[in-house]
Amino acid sequence: MTDARLPVAVLGATGAVGQTFIRLLAGHPWFRLAEVAASERSAGKTYADATRWIEGTMPSEAAALVVTTCDPERVRSPLVFSALDATAAADLEPRFARAGRFVLSNAKHFRMEPDVPLVIPEVNASHLALLDAQAARGWTGGVITNANCAATVVAMALAPLHAAFGVRELFVATMQAVSGAGYPGVPSLDILGNVIPYIGDEEPKLEREMQKMLGTLRGSAVEPAPFVVSAHANRVPVEHGHTAACSVRFATKPTPAAARAALEAWTGDPVVRGLPSAPARPLLVSDAADRPQPRRDVMAGNGMTVTVGRVREDNLFDLRFVASGHNTIRGAAGGSILNAEVLAASGRLPWRPPAGA
Amino acid sequence: MTDARLPVAVLGATGAVGQTFIRLLAGHPWFRLAEVAASERSAGKTYADATRWIEGTMPSEAAALVVTTCDPERVRSPLVFSALDATAAADLEPRFARAGRFVLSNAKHFRMEPDVPLVIPEVNASHLALLDAQAARGWTGGVITNANCAATVVAMALAPLHAAFGVRELFVATMQAVSGAGYPGVPSLDILGNVIPYIGDEEPKLEREMQKMLGTLRGSAVEPAPFVVSAHANRVPVEHGHTAACSVRFATKPTPAAARAALEAWTGDPVVRGLPSAPARPLLVSDAADRPQPRRDVMAGNGMTVTVGRVREDNLFDLRFVASGHNTIRGAAGGSILNAEVLAASGRLPWRPPAGA
Amino acid sequence: MTDARLPVAVLGATGAVGQTFIRLLAGHPWFRLAEVAASERSAGKTYADATRWIEGTMPSEAAALVVTTCDPERVRSPLVFSALDATAAADLEPRFARAGRFVLSNAKHFRMEPDVPLVIPEVNASHLALLDAQAARGWTGGVITNANCAATVVAMALAPLHAAFGVRELFVATMQAVSGAGYPGVPSLDILGNVIPYIGDEEPKLEREMQKMLGTLRGSAVEPAPFVVSAHANRVPVEHGHTAACSVRFATKPTPAAARAALEAWTGDPVVRGLPSAPARPLLVSDAADRPQPRRDVMAGNGMTVTVGRVREDNLFDLRFVASGHNTIRGAAGGSILNAEVLAASGRLPWRPPAGA
Amino acid sequence: MTDARLPVAVLGATGAVGQTFIRLLAGHPWFRLAEVAASERSAGKTYADATRWIEGTMPSEAAALVVTTCDPERVRSPLVFSALDATAAADLEPRFARAGRFVLSNAKHFRMEPDVPLVIPEVNASHLALLDAQAARGWTGGVITNANCAATVVAMALAPLHAAFGVRELFVATMQAVSGAGYPGVPSLDILGNVIPYIGDEEPKLEREMQKMLGTLRGSAVEPAPFVVSAHANRVPVEHGHTAACSVRFATKPTPAAARAALEAWTGDPVVRGLPSAPARPLLVSDAADRPQPRRDVMAGNGMTVTVGRVREDNLFDLRFVASGHNTIRGAAGGSILNAEVLAASGRLPWRPPAGA
């Protein structure tokens, strides 16, 4: 019996986000992990030998794959998940796009390019139409990016509120998990029993990426949502899960009850419904006085649901709340996979999901 | 040879803040720990037997003291440090004040009373003049309070900025240590590898106490500083040290350089200079990109110095910075002791510090 | 359509182990959570109102149940999972047994009684025959205990080694998770960034319970395995998962390879195979130099598999290794449920599992 | 006024142990930090620029020093503290010794060489006589080593017991702080909420170094103490402080009371008494049921005192206890400095401590 699934590759497969891709792709109903690529240093080894696996047990379908270099001549899968860092991505992702591959990128390099979709599918799947404009670059495939992990969590909570009330100003203070820094990442001597009130280049991303995601597609360009963000990014001794305390001013001030209702009603773009990685609900609203909490809520919806709590009035702006979500699943690998599922479901890939799926 | 030091008592001596008092009073040059008081359950036992000591080694001068109940008939010291909780404080502290004792209180009960000074001595030692108004309560002694531990840390950073530029609006997101919840306090199952985005009754304190401390004494009343605070209080897995991310709007917008200069120049009310518990500098300004950090900066100035860093422009308001300080030293027991030293130095106690001290 | 599952009750349902029972019983194919019981203080409230839920989201089948007291007149289920502490268990569990119920107990009270089975089903399901002797107590039901959580983890690793080589002496140093102390349990001020080299009454359990479990049923009594244990029990800042460093002397010294082979080959008593809560393998042997690790291995086999690693020669005894397992699943609630499944499968309950199950 | 202190250098000054040297040498009464040396990459920069300072605030006497390479032609101080790793030490430390310098080494390379003293001064200061034998290597200075940090903590606790009762067999399970791995050292993703039951090359050191330290100097060689060690080394999420659970068999079995008495009476070699870095007592014995604990006891004696607790009988051997001490102070930099003070006090350096010091 043949495997009718679409063969896919992971670039940067040995790192922390790469490993999350491997974990989430194991047993995926549509995509078959066919290739793993990493740096020269790893090439030629089995994935098991090349990788210091940092979570649970390595999936058997990955262990025996031989690592190749990140070269479109060697990596042949039409769908490519990229866990490359920004520098490597700048060089390699276009080569794959030019070679006709669809690259789901986690790097910041192309996020703010006008013709590159920056997508959380429940929020702005329609922005995938920007892909058509990439032909002008000579790309027969394309690059689709997801946002910074903390920006993703906050943007999901803002999406229904922005639609209903118009976000104008946002203060956000994040408390971010160490897995956001990759592996080896944050030294334990820096973070045990400590807070680091700084994450390199994180605040600028939090201050500009959400406007693009919550923006409006006009022709072949996205008009950013007209709001200003002031961000304080902090690292805390948490394994997974970014938490964000938010104060928001809107065009139309909602009552906390109205805001809550908007959050609870939101199911996101219908194109996402029923996709393999889509959670039952993209947002959960908690009634508890002290939730969301990263350790307790991070795995809601298998890591794809953002939990929002403490929805209340603000003394200075209109509304305060706390949002928390999984940074390496919803905020990275899981988000990319869901993006790819939307691509497949909407006919943008040279492959169709099974009928009835 | 007689001990010329002033005998002092600690109420609530067996709890977490009480223990910090005991630790800081050991070997104090002016004050001699003479009495320890706690609940009925502990009364009659030695302090060593009554106390589950939670830090380092119990000072020998405390171990053999016999615990009494919190009754001004039994506790005879003229100066009384109170680590009582709000409910017990409401009842017991006035009894001590009526009996002629000066009570340095850490409870919230009297903080916002118009005739009760809420004091960080470098910030508003002048407010101690409110004590005179307490005679109207029939108190021959008096009650002096210190603020909520997180409010104390932020107020110290704001003090020189308010003096120079006039605080008008403040967003503050705190990341607070577990010792702020006392002992046993926060269960480890709640906080290991986690963030709790809620601390009971903490945000209201952060939203009103700073205005009183930064307010202006007019006759026998304090006119609060005219600013509004929006607070997000979070618990993080840190032992000691509260950290606060702040965004501030001022009457007059300062450049970050001007704000930094004001912070660095500040030495606080001169009455504090040279007191036994006064740090060389009440504020330290850090140049490092990633400071202050609680574990690394909490013991600056023996826990009495607040460290400020990341002074920079804000996208929405005027200025952003991070402040961090020791919650049970500067924010509780150490603050009370420094308040008492000011009382002694300014002649308000029936005892004078040694000449040349 | 009727629910053919056996109605079951949880005693002590609001505590930490009680909650783990609730979580594991949600959706159980054989057992239907029908009743929750706790102290007077909780009785009459819904489970949702009575419980400070400490993990993820409370299962909906539990939330609306009304809590009753732990009284066999009120709790009618024939199968009763007990998360009571030793004192309460001493009084209440016999009342349920006398009333014809089968009580799966986690308390230490009855563990060492000659007529009470102390069971890890893969290890000594045959000991369930002791139940017959409980008739002499006037019990028409019975009490089945599981062992101390750390003793359970070590006993599982020892079982195949004892069978093959005969354990004679064991040094064991444990590093135990905070969830072993229940909720609120260990204060965070005690354990953040710390080790507590003492757990009350833990070492005696580690030193006597394993011999009973690895002992031999002779008629209606268990002859304990003839070995001596020296235990060092330590608490570490880990959420779930007890880890034990072991040095063992055997009657017949095995090579590390032979020991490894015995561990890998072991599948336990065949009666367990295919039961709903039985893991694919009770033991996993890791090749990695630095495994098992509690955070990474605790959920092996859904928390029912013990992971063993670092199998190597000992300088003083014969063999060294490290074992790690989930203390509230395999070591408590999950172990009890598996015991109950064995009871059901072996016809000791007034209920039969569905054919083909 | 001239500084009469002896100029000293630190090799490997920018790393974690190097930084501890810098911290402990700041304000040292005998030694003046004159030179800092590190790798080529740092050479030419100021110490402040070359170093990612990981604890508190960098001492001002170090900040402006210009880093040189680890070359005896450039580093001229007669006394050299080495925080080099084993590979670098193997090459560089002999060059300094040959150039007439006294090198206090923390690396394992020379520890087991017959003519190299491996010294904890309270335990075996007499072994410094081995230095005379180093002339045969053509060294006009010499190399003095301290032991592995965990071995140091255990050896101090064993010293009085070995003297009184003769250690024959030792089981030791350690729980070691992350600072033992240097900086960046242990990734936070590896150790947050986790235990790693393996530390590379640690168990072999624990199994052989103590016998040399507790051995007997016979002529120009040390006859190792005749005991065998079985070690289990574990990493735990603790910042500083290694804790060791020990079970010991002796030539003469002591009662726990006798063992306790021996531990309490011990003050170590009298040559150490009154030295600047010598603690009032090298060992503290705790009565508390749950001590020593690393976070609470690590700074006993400014990090130079080892705390011992839970002295009790063992089921298999003779005695059990727990020892805990500071791994980077007593177990590394502080130990080296105390060794150097003994050298100075005993006239082995070309410098004399001030009379009356």
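Order of writing sets the chain letters: A, B, C and D. Residues in each chain are counted from 1.
FYI, a residue touches a chain if its C-beta (ideal position, glycine included) is under 8 Å from a C-beta of that chain, and two chains touch if they have at least 3 such contacts.
Since we're looking at a predicted model, the values are computed, not measured.
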Determine, using the mean of C-alpha atoms as each chain's centre, which chain is farthest from chain A.
-> D
Looking only at C-beta pairs in contact, point me to the busier pair out of A-D and A-C.
-> A-D
CA centre of chain A versus CA centre of chain D: separation in Å?
-> 48
If you average the CA atoms of chain A and of chain C, how far apart do the two points sit, in angstrom?
-> 39
Flagged in chain A as touching 2+ other chains are 54, 192-193, 237-239, 295-296
In the complex, go through chain A and note every residue touching chain D.
-> 16, 54, 178-179, 183-193, 237-239
The answer for chain D against chain C in the complex is residues 169, 171, 173, 175, 192-198, 200, 207, 228-230, 232, 234, 236-239, 243, 245, 247, 289-296, 309-310, 314-317, 320, 322, 324
Which part of chain B faces chain D closely enough to touch in the complex?
-> 54-57, 192-193, 239, 295-297, 299-300
